[in-house]
Amino acid sequence: MPDSMFEPQNPDFEADIRASFARQGLMCHLGIEIVDVLPGAVTLQVPFSQSLTQQHGYFHGGVMGAIGDSAAGYAGLTLTPPGSEVVSVEYKINFTTPGAGERIIAKGTVKRAGRTLIVTNADLFVEKAGTQSLCATIQQTIMVLSANETRPAG
Amino acid sequence: MPDSMFEPQNPDFEADIRASFARQGLMCHLGIEIVDVLPGAVTLQVPFSQSLTQQHGYFHGGVMGAIGDSAAGYAGLTLTPPGSEVVSVEYKINFTTPGAGERIIAKGTVKRAGRTLIVTNADLFVEKAGTQSLCATIQQTIMVLSANETRPAG
Amino acid sequence: MPDSMFEPQNPDFEADIRASFARQGLMCHLGIEIVDVLPGAVTLQVPFSQSLTQQHGYFHGGVMGAIGDSAAGYAGLTLTPPGSEVVSVEYKINFTTPGAGERIIAKGTVKRAGRTLIVTNADLFVEKAGTQSLCATIQQTIMVLSANETRPAG
Amino acid sequence: MPDSMFEPQNPDFEADIRASFARQGLMCHLGIEIVDVLPGAVTLQVPFSQSLTQQHGYFHGGVMGAIGDSAAGYAGLTLTPPGSEVVSVEYKINFTTPGAGERIIAKGTVKRAGRTLIVTNADLFVEKAGTQSLCATIQQTIMVLSANETRPAG
């Protein structure tokens, strides 16, 4: 239960994450949307489009990587001090079933939040005719940059 | 030296890869292009665009994952028998420097080609004012589906 | 709940896993023991010893990798047909806190069982004065070798 | 060429690494030995013994993880300032062929050295009757702890 386990340090975490998300050109270009932002847990979704396909007309693995990495990274950002940013150090993604369906939902969660490094996970589900199947799973490391370490955007 | 180390089994590997690539809606949507296709080595590139950015206006990590996974996977596909396909089992990506520049070049190479599983790598370079810097590195596993295992595209 | 989610295909899965474990010289050499073997979930433990240390006298990360890889792989083996074996294709381990304590417990679980490939996880806990802390977490891919593919032991 | 690419900051890097290695109980218990320590590159080896086996009598994957993680981590430590330590953040290992042979050689190299994080690789070779075959490959992240961050051993 992320809500009870994790106590956010930044009271404006949700607004800050929505603002950061809105500045990412790629999220808009792929049609990725925020479903919800909770302490230690961020869920994103992306509806199917021909622009997102691999050679068989299913969701491309590149879309899964992009949405999963983002969901997991933003889950980490819910728990950092005000003014912080996070950067992905690395992630690892396993693909478990083809992405054949109408949308993908990516549920990012925090596994362990250290002061400098946060370990997160994301489970990705492809939805087809109302049924959700696990299509990918991610284990990720992010690094926290404190307010005075972050570079000016630009 | 991929050219000398690896002997392709499919004489049409380059044409088959270009045809597969052309069917991937995501590659076109992101502006990813083929640079070259050699035995055991495929290089892709993507020019910068506002559609590909993270919150600071640099290349988004999701773009790096998509181009790197594709370069590495297609490198594997250069070595499989005619009619085969490959699917990504998993990959792991480390981000080493922000993607600030005019384009990203992804060089996929085969590390070891087994009959069923192929281990590949990709190194990603961001180019800025003529200088290339390593921005990400990938270690990937792909699975070979023989001609009679592959599903009809549909 | 692994017990309800997973239906073993091999009625002798526990005996087969205990027999396989007993043949692994490394498990004995490191002092790793089986805690329990359930459908889709295997727990192992290892008591502290000076033979298992890194330079500060804590459990070495190499011990965590060995016990975690084994717990996750055997969790996968609980779900395969009689006579099968599994081999680790790859795993990824994050270290989350130093291994300072009296023993490590590794809980391997199956994330998704395909016919050829199984994705598993393991969470590792270090126990100190009765308190358990997550010290590492693993995401693993294993491949199933059917009874007629397995090589004679030897 | 690690020798020319990397300029060590610590003139005593080799002696410091040999001293750290000697304090690791696990290295001795597994019979792992240093082959050489160069700037950005550390090679370790381990001779075969029944204590290091999996169920078929080959080298256990746990041995490969332990020697590879150590070779890669120490490669990183060759490049850090005097008094620093490194800790493994995470690593990912692919197994490419069974470890059937008389010894394993692990060649750790630095991929990119940042101030806080270092990305490394290790290639592992099993030697049988004079022939070396790649048996595993690692991509690793380590974190540098500066002299005043490191904890007293104990």
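Some notes on this structure:
Which chain is which? They are A, B, C and D, in the order written, and residues in each are numbered from 1.
Basically, contacts are C-beta pairs under 8 Å (C-beta built on N, C-alpha and C of every residue); 3 or more make two chains touch, one makes a residue touch a chain.
What you see is a predicted model; the values in this text were computed from it and never measured.
A comparison of the B-C and A-C interfaces places the larger number of contacting C-beta pairs at A-C.
Centroid analysis (C-alpha atoms only) places B farthest from chain C.
Between chain A and chain B the centroid-to-centroid distance comes to 23 Å (mean Cα coordinates, whole Å). Between chain B and chain C the centroid-to-centroid distance comes to 32 Å (mean Cα coordinates, whole Å). Annotation: 28 Å between the Cα-based centres of chain A and chain C. Counting partner chains per residue, chain A has residues 89-90, 92, 94, 141 touching two or more of them. Of all the residues in chain C, the ones that touch chain B in their complex are 89-90, 92, 116-117, 141, 143. Across the complex, chain D meets chain B through its residues 92, 94, 96-97, 111-112, 114, 119, 134, 137, 139, 141.
Chain C makes touch with chain D in their complex at residues 20-21, 23-26, 28-30, 49-57, 60-63, 65-67, 69-70, 87-95, 98, 151, 153-154.
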